[in-house]
Amino acid sequence: MVRYFLQRSAFIIFSLFGVTFLAFMASRLAPGDPLRLMAGDQNLPAEVIANWEARYGLDQPLLVQYAYYVGNALQGDLGTSYHYIGTPVTQLLGPAILVTLKWESVALVFAIALALLLGTISALRHNTWVDTSAMTVALVGISLPDFALATFLIVIFALRLDWLPVAGYETPAHYVLPAITLAARPCALLSRLVRASMLDVLSQDYMTTARAKGLPERVVIIRHGLRNALFPVLTVIGILIGRILSGSFIVETIFNIPGIGRLGVTAVLQRDYPIILGATLSLAFAFLISTFFVDILYGVLDPRIRIAD
Amino acid sequence: MVAKMGEDIPHLHAQQPNNPWLDALHRLMRNRAAVVSALFLLLLIMLALLADVISPYSPTAADFANIRVSPTPAHLLGTDEVGRDLFSRIIYGARISLFVGIIVQTISTLVGIILGLIAGYYGGMVDTVIMRLVDIMYSLPNFLFAVFMVSLLTPDIGSVILTLTIAGWPFSARLMRGQALLAKKTEYVVAAEAVGAGNWRIMFSHVLPNSLTPIIVQYTLGIATVIMAEAGLSFLGIGIRPPNPTWGGMINKGREFIRTSPHLAIYPSIILGLTMIAFNFLGDGLRDALDPRMKK
Amino acid sequence: MFKKSSFVLLFMALIVLVGVQVSAQDGMTVIRFPITSDPASLEPGLVKELFSGQLALNLHAGLFTYDAETNVVPYLVSDYSVSEDGLVYTFQLRDDALWHNGRPVLAEDFKKGWERYLDPNVGAQTAGEPWQNVVGGNELYSGTADELTGVQALDEHTLQVTLIQPSLNFLQSLAVPVMWVVPEEAVVPGQPEWVGDPVGAGPFRFVEWIPNVKVVLEANPDFFLGKPAADRIEFLVVPDAATALAQYEAGELDIVGVPASDLERVTNDATLGNQLQYFTRAQLQYAGMNQSMFEAFKDVRVRQAFNYAIDRNVIVEAILNNSWTVATGLVPPHIPEYNADLQGYAYDPTKAQELMSEAGYPNGEGFPALELATLNSTIGEAVAAMLNANLGITVEILQPERGDMIDGLWAHDRWQFFLFGWTADSPSASVWTYELLYCGLDSNFSTYCNPEVDASVDQARNATAFDESKQAWQDAESLAMADAAMIPLGYSRFIYLVNPAVQGFQANLFGPMGFETVSFNS
């Protein structure tokens, strides 16, 4: 177990180095000068550009710059933003990550709960109209780009029906529409997976045994069926968490949520490299950690699976 | 068990006495959803190929006297924000969207197959290097990565294809490696090795054919993912250049007019949605058909 | 106690029932105004884009400002005089103006503040134009002097500025926020950063700036023209224009710009139609033809053909729902040098085709593929379709992010053909006829060069009498139009939806004014 933890930690650290190195080199080799973008609508004199270059260390060799970056990052310093002059990247990333975690955890819980429900019901009512309609609903979720879904939701629920606010992040009501938009895709994928997995489990011998023992159907389904059906689902959830975190830019833009997805992509468009690197680093970290936890959870839920490489 | 999202859930294809592909085809034909989906996609491909013949107007010709008109007999699905025929643009859009989806998915699957085979079959250092690279690619935030890549290159169809291919290959590489690891232990590979068959020969004539099932399924579902990803890029204006029509670009432009002329966003959304559903049904159908153990 | 609270409850219920959208937080009046991205800086001299400029009008004050009719009016100045030769300006500052930290605004603050902007480490934008004409400006900027000798504080409230040459528009330049200053104790010397919170002398004080979310200002009780009526202004960052409009309609914003795509619907809406407010604006929307990047644009016949091939009436009426007016020249109406006699290029596809044939591209044959960079893809697509239909050439559209677009324009080496809007920061023809056309100028994004136009521009810039200057500007503009230096498309307007409870919202030719005149009438 200890060896496993060490291996995984080494793997996570290695991956983070790899990710930052790739992102760092790509950003420095990019065409276009970030300092010109900083200048906004106006044209900056060459003297000003030269001064700024020195200030952000852009006049050093690439590998030296990367070494500095890693050294500072290890001390919790991700540099200062180009766009928000003088503002530390961590100060911008921190609140953005918190906001994203908040509303996206709502979306994730929503997606998982609904997927379990839809998937289980479909499996139990296999090949009936219930199954068909539940799976059709699920399919619609994967079939629309999120900007289309978000727009339709706003027009219907915020403007026509006036039930929910259009955009913002201040109250729980603000989370509903973005959470539905974001949850649609993972929910569709998961519910189909739950259904298939559940169908598989329902035909297993231990289910028949459990029924034969006279346990109530509800107990059989939940304790023996759902629990066993969850394993394949868990791996996918781990990956979904990572994917969801980084895929939220469009939703955060349309619903005007100041989260990490919007910050990261805006930074790409503004060539604000310190923020791009910081966002990449924290999103990669989130992905690695979430898959790590899922692996552990896997072991906890199923003692038959030894945690080992 | 079902493999989703291209994950490498172990999956061993058993050798059949009869022609297994024919059997699979028979099973596929019995799956109504899959058959309808396949027909729909075929129709779509036909439309895309014959766009020049079928579409009533040029996709880029604007009729400024008829801007954002609702559907009429002259314009079956109405016209867009500069008076172009929406029906024609959707047909030509199919050409570009399907082309991008198929090209990207084909190249990334091929790259993934080769690297995954090498990693799984040889193991050792080669395996470590390839799989660590795959791990890094996996942990990169994918949308951010794609936007970053495209914005580094000049946004056009070439950079979109390149970027989505680079983002896509690790999925099939990981899948292929898992398959190769399993296949390596099977009797016929052991036997082939015993009679002294070359590595490449074993990999491509024994390991690969016995690992194809999940690859084919993932290939089908992946095309849908790529089409969707291109739509995402068009949200930022860095997808395929206008006035070339793509579904994603049309939906995103339609968003601006959703309150005044909803048909601009709705029709391309419907066709894109149907295509996604079709690819998913077909993928599921193929999975069930190719792996008889799935059928209960 | 009971009575009071139940009264409040009843009142609140009434508000909800009647549906009057009064923005109130703890009894405060708040104006919620959207901005599409964070300001780059809150220091007036470092203003780089629209939003910093707008924030500066609320947070800061300068010697002069522009009123609602875009006239230069004294702001921190109570009285001023100009010497006979037009070289020495003496400003008497108000003695009742305070910085937000409570210290009086002194003449010395302007000398130090301007010296700060001339420090290359600070990266101020003003380091060019106006200072070239102030004694000592060039020396300080190039590092051969360490004092701005042409600016002297004669006493606490008397400031003297000495120019090298007389200027017709020196006072105009002082009315632009980039020439407003901040107290030295509030900023890091030699760096573009604040010490603690931003400090100004304007009608509103800084409360907080949450990046990506909002900038909040509150009424300054010590403002020298009296405390503003609105208690707070929240500048909310809303990147998506459709979202901002929807938020306004749902009562989540008090003022919002209306995109052309929704103008028709908003105008015809029974409620929203009455909340529309139009303001004239000094902006030229044009298509630039970059001659250094695209060889064919060096041929005047090609440039004229492009001008004839574009139907401006269609763009303005059918596509933009008249949110612009058709441009007949370069200088927008309401600018003193506007030339009402210019006819512009009429839509004439036949003539356009003839010119293309003469230039060696009959039916577009042999004309290289062209890339059009634009921030507004609808107009871009219309232009591309017109050029394709009328001239037979292929135009593909690039949609760079705003910052990237501007970067490419200044660099002259990214965009062959581009749609852009050039907005005034002073009411003078110089903004367009000089800045966009003068040979070798960085802001001449088309890399156009015509010595005849330049000669007229020089004459206009050196003129000491307004009439002479106006005539020379109009000559230069006519020459440039005949030479098809660019493709003027339209003059834009500001179109806002304003919450009926908000009174006194104003915009001049440059944009919305400070919110000190805005009040609530619930």
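Couple of notes before you dig in:
Going in written order, the chains are labelled A, B and C, and every chain counts its residues from 1.
As a convention for this text, a contact is a pair of C-beta atoms (placed from the backbone, for glycine too) under 8 Å apart; a residue touches a chain by one contact, two chains touch by 3 or more.
Keep in mind that what you see is a predicted model, and the values were worked out from it rather than measured.
Nearest to the global CA centroid, when each chain is reduced to the mean of its CA atoms, is chain A. Pairs A-C and B-C differ in how many C-beta pairs touch across them, and the larger number is found at A-C.
Between the Cα centres of subunit A and subunit B there is a gap of 22 Å.
A straight line joining the Cα centres of subunit A and subunit C is 39 Å long.
Computed centre separation for the pair subunit B/subunit C is 46 angstrom, with centres defined by C-alpha atoms. For subunit B, residues that reach two or more other chains under the stated contact definition are 151, 236, 255, 258-259. Taken residue by residue, subunit A touches two or more other chains at 151, 159, 269, whereas all remaining positions touch fewer. Annotation for subunit C: residues touching 2 or more other chains are 242, 401, 404. Those residues of subunit B lying in contact with subunit C across their complex are 60-62, 64-65, 67, 81-84, 151, 154-156, 236-238, 241-244, 253, 255-260.
Residues of subunit A touching subunit C in their complex: 32-33, 36-45, 47-48, 50-52, 83-87, 92, 95-96, 151, 154, 158-159, 162, 165-168, 253-256, 258, 262-263, 266, 269-271. Of all residues in subunit C, only 241-242, 259, 261-262, 264-265, 311, 314, 318-319, 377-378, 380-382, 384-386, 388-389, 395-401, 404 touch subunit B in the complex they form. On subunit C, the positions that touch subunit A within their shared complex are 37-38, 40-41, 48-50, 52, 120-121, 123, 125, 127-128, 191-193, 210-213, 236-240, 242-243, 246-247, 249-250, 252, 401, 403-404, 406-408, 410-411, 442-443. Subunit A makes touch with subunit B in their complex at residues 11, 14-16, 18-19, 22-23, 26-27, 29-31, 139-140, 142-148, 151-152, 155, 159, 189, 192-193, 196-197, 199-200, 203, 232, 235-236, 239, 242-243, 245-247, 249-250, 261, 264-265, 268-269, 276, 279-280, 283-284, 287-288.
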